[in-house]
Amino acid sequence: MENERYFEDYEPGAMRKTLGRTITETDFVVHAGHTGDFFPHHMDAEFCAKSDFGQRIAHGTMTFAIGVGLTATEINPRAFTYGYERLRFPKPVHIGDTIHTTVTIGEKTPDPKRKGFGKVVEITETRKQDGSTVLYCEHILLVEMREPAK
Amino acid sequence: MENERYFEDYEPGAMRKTLGRTITETDFVVHAGHTGDFFPHHMDAEFCAKSDFGQRIAHGTMTFAIGVGLTATEINPRAFTYGYERLRFPKPVHIGDTIHTTVTIGEKTPDPKRKGFGKVVEITETRKQDGSTVLYCEHILLVEMREPAK
Amino acid sequence: MENERYFEDYEPGAMRKTLGRTITETDFVVHAGHTGDFFPHHMDAEFCAKSDFGQRIAHGTMTFAIGVGLTATEINPRAFTYGYERLRFPKPVHIGDTIHTTVTIGEKTPDPKRKGFGKVVEITETRKQDGSTVLYCEHILLVEMREPAK
Amino acid sequence: MENERYFEDYEPGAMRKTLGRTITETDFVVHAGHTGDFFPHHMDAEFCAKSDFGQRIAHGTMTFAIGVGLTATEINPRAFTYGYERLRFPKPVHIGDTIHTTVTIGEKTPDPKRKGFGKVVEITETRKQDGSTVLYCEHILLVEMREPAK
Amino acid sequence: MENERYFEDYEPGAMRKTLGRTITETDFVVHAGHTGDFFPHHMDAEFCAKSDFGQRIAHGTMTFAIGVGLTATEINPRAFTYGYERLRFPKPVHIGDTIHTTVTIGEKTPDPKRKGFGKVVEITETRKQDGSTVLYCEHILLVEMREPAK
Amino acid sequence: MENERYFEDYEPGAMRKTLGRTITETDFVVHAGHTGDFFPHHMDAEFCAKSDFGQRIAHGTMTFAIGVGLTATEINPRAFTYGYERLRFPKPVHIGDTIHTTVTIGEKTPDPKRKGFGKVVEITETRKQDGSTVLYCEHILLVEMREPAK
C-alpha cells in the first residue's frame, strides 16, 4: 500500500524481504508467450536434457520481471524509477524453484541535474530455496527531497 | 534460427532491427498477473487520468521483457548472456503504442577472467511509432573465441 | 445451450451433474494472476511444505469460480442470479485434484417484492475424486413465473 | 504483508480500502477461459447490444474473485476463511469500470464449537467509479483468541 | 453434454448452430503467445494500417481453433475425429467481430478399412455478424455402427 | 524474418525443420480456455485414466495451431494462405511430449483463376520425440509469380 517517503527518509542498510513464490512450468510458458521468446533453452525439455543444466532454464527477463515484481507491495508517491544497473543472473532458475527478493537501501546521492531530487539505490537480490542468488541488480530511484538542497 | 558466431565474428556498428509489435491492454493485464505488480500506474485508469501522463503506463519490466523478447529470433550457440547495464526507460509505453527494437554491436573486449571468451556489448534500443526511445540497455554477451587469445 | 424454464418448471430435488475437470498448477497460477492474490498458501511450495496441508491449496475464490463455472452449460432466459448464500469450503483443493459439481433444486418461494418472480435455490456442491466436498453454496435464482401469482 | 492479529484485536467498525483496478475486456476473456463459462452475456457483444444492459456484463464469479482479490494484501496467520454469506451483485460491472473494495469489521462472536476461536465478519463491498456497489458479501473469518474464553 | 449417437443416427442435412462469441484483441494476443506466431499481420497495428485490410487480421489457426471450439458442447462417445478437409478462410476475422458456427451433417460412408465404423462429414462453417463466412472446413468423424455392416 | 520468394523460387523437395517445443499441461489448459473446449479427453485426468490412452490427449486444434505456429519464422510478402488440406492426427500428443515441424515443398501449379499467381503445397508434418507423426497437413499457399504466365 502507500508508504510516503522523501529522499531524507531512506536509510542506507535498511532491508526488506518479500514473500516467496514458486516458479512453475506455467510461468515459463506464460513468459514465452508474453515476450515471444521460445528459445529451446526455456521451452524444449529434450534439447535441455542434453545441455549443461540438464533441464529448462528461466528466461533472464522473467527472473528479472518476477524478482522485481515481488517487491511491488509499497507505493511511494515521492519516488519513481530512473533505471537499473548491473543486472546479473548468477544462478539459473529452474521449474519448481522458490524465490524471494530482498531490497537493501544502498547509496544515496543528490541529483545534480534535477534540483530537489536525489538518487537512491535499492540493491535488489533474488534468491532461491538453496540460498543461491538468481538475480542481482541495482534499482535506481529518483526521490523527491523534503527540503530541497540549496 | 541458429546463427553460429564466434567473438571474432561480431562487427562493431553492425545493426539489426526486429519486427514491430503493438502493446495492448492485454499485455498490461498479462504482465500484472505474471509479476504480481498491480500498481495503479499500470492498472487503474481512473487514477491515471489524474496523473501527469493522463493514462496507464507500461511496467518497466514489461517494456524490458518484450523489448528484449523481440530480438529472440537468432540463437548463437557460442554466446550467452552475462548481464545488462544501464537500463533506462526514457519515454513511457502506453496502451496502443507499437514498438520495435534495434540491436547494434558495441564494444568488444577479451574477458580477462574467462580464457577463450570475450565480452560483446549489444546496444539494445526499443522505439515506438513516433520514433522516441522507450528502452535503452546494454546487453553484455559472453562469446566464445574461435582462436583463444594466447 | 438454451433451456427455457419458468418458476413453475423447477422441481425441487431434481439434480444434474457436470463434467469433471482436473485442477492444475496452471489454474493456481492463472487465478493468482487474475485476482492479484499471491498469498504463499497458494503460490509458495516451500512455505506450504511446512504447513498443516503440506502442499499448496487452491484459492477459495477459484474453487467457487471453477465449481460454478462447470455448471455453465444451460442458459435459462427466464432466470438470473440473485446471489449466493452459505459459501463453504469444507475440504481444500490441491493441484491435481479432479472436481465436478452437482446442482440440486432446493426450496422455491414466490418473491414478495418482485411480482411475477420467484426465488429458486440451486444447491451447488463441488466434490473431488475421493468424494469429499470442496465447495458448498446456495445459488439463489430469480425466475419469471409463467402465470404470475395473483 | 504479514499482520498478526488475534480475535481480540479486531475492532468492529474499523475499515480499510484497497487500491483501484480497471476491469478490462482481457479480464472478461481470461475469466471465461479460466472457468469455462462462455455465456453470451459475458462474451457476445452482438447479443448484449440487444439486451437490457446494452453491453457485456462481468461474470458474478469474476466480480467476486477480483473484488476479494483486491483485499489480499495482509496475511493474518491467526485467521482463516470460514465462508462467505449474502453474496450480492447490486450493479453490473462492464468493461472499463474501475473498482475498489472496502472491508469493514462487523460482528465478532466466540465460536461455540471451536474452543479458542471466534468468528469475525468482514463486510466486503466493491464499488465502481460512480460509487455504486457491484459486490456485497460477508466474509466470515475464524480467528484464534489470544486468551481462550474459559 | 453426452449425446450418444451411432453411425445410423446421423441424418444428412441436420444442422445445429452454436452460441456467438466476440473475438477480442485479447484473443489475438493470447493466440500469438500460445502458438509463437507474432507475425505483424496479427500483432502490429502500424504495419496493418498500411496493408490492404487496414487493420490486424486473425491467425487462420485461431479462426479454426475457436470456430471449431464453439461446437464443443456435445460429446458423442461413439465418434472421434478422423481429420479435416478443405479448410478455407474466405473472409478475415478482425478484432471486435462476433462469430458463430453452424455444423451440418454431410455425406455418410461406411469405412472400408475399419469394419464396424463409418465416416460422417460435419460441414463446419463459421460466420461473422455481417453473414460472411470466415471459416469453412469438413470435419471427418469416424463413428461406430450400431449394427456393423456384413 | 522477411524472406521474399516468388512462385518460381519454390523448389519442390526443399525442406526446413523448426525448433522443438515441449507441450505442457499449461498448453492444454490455455487451449481449453482459449477455445472453450473443456471436453474431459483433454481436461479430466480421472476420466482419461480409464480411457484407451490412459492419460489426457491434446486438442487436435492445439496440435494444429502449435504445429503450424512453430513454422512462423519466415515471412514471405509474396505469399498468403489459401487453405489447408488433409489434416490428420496420426498419433496423440500427451503432456510432456516435445514436438517439432518439418515443412517440405510439394507440388506447384499455376492458378488458372488468379492470373499471375500459383499454388504451392507445403507438406507440414509435426513429429514428437519418438519420431511418430502427430500432425500431417498440406498448407496451400497462393504465391505471386515473378513473371506472370502468358
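Per-chain numbering from 1; labels A, B, C, D, E and F assigned in written order.
Quick note on the criterion: a residue touches a chain if its C-beta (ideal position, glycine included) is under 8 Å from a C-beta of that chain, and two chains touch if they have at least 3 such contacts.
Just so you know, these numbers come straight off a predicted model, no measurement behind them.
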| item | value |
| --- | --- |
| Length of the shortest touching-chain route, subunit E through to subunit F | 1 |
| Chain whose mean Cα position lies farthest from subunit E | A |
| Chain pair, B-F or A-F, that carries the greater number of C-beta contacts | A-F |
| Centroid-based (C-alpha) most distant chain relative to subunit C | B |
| Whole-Å gap between the CA centroids of subunit A and subunit D | 30 |
| Separation of subunit C from subunit D, taking each centre as the mean of its C-alpha atoms, in whole Å | 16 |
| Separation of subunit C from subunit F, taking each centre as the mean of its C-alpha atoms, in whole Å | 38 |
| Subunit D residues counted as touching two or more neighbouring chains | 19, 21, 25-27, 30, 33-34, 36, 38-40 |
| Chain contact topology (line, ring, star, complete or other) | complete |
| Residue ranges of subunit B in contact with subunit A within the complex | 21, 27, 30-31, 34-40, 59-62, 64-66, 68-70, 72, 75, 81-89 |
| Contact footprint of subunit A on subunit D as seen in their complex | 1, 19, 73 |
| Subunit C residues within the subunit A interface of the complex | 25-26, 28-30, 33, 38-40, 43-47, 56 |
| Touch list for subunit A against partner subunit C, complex | 19-22, 24-27, 30, 96, 98, 129 |
| Residue ranges of subunit E in contact with subunit A within the complex | 30, 32-34, 36, 38 |
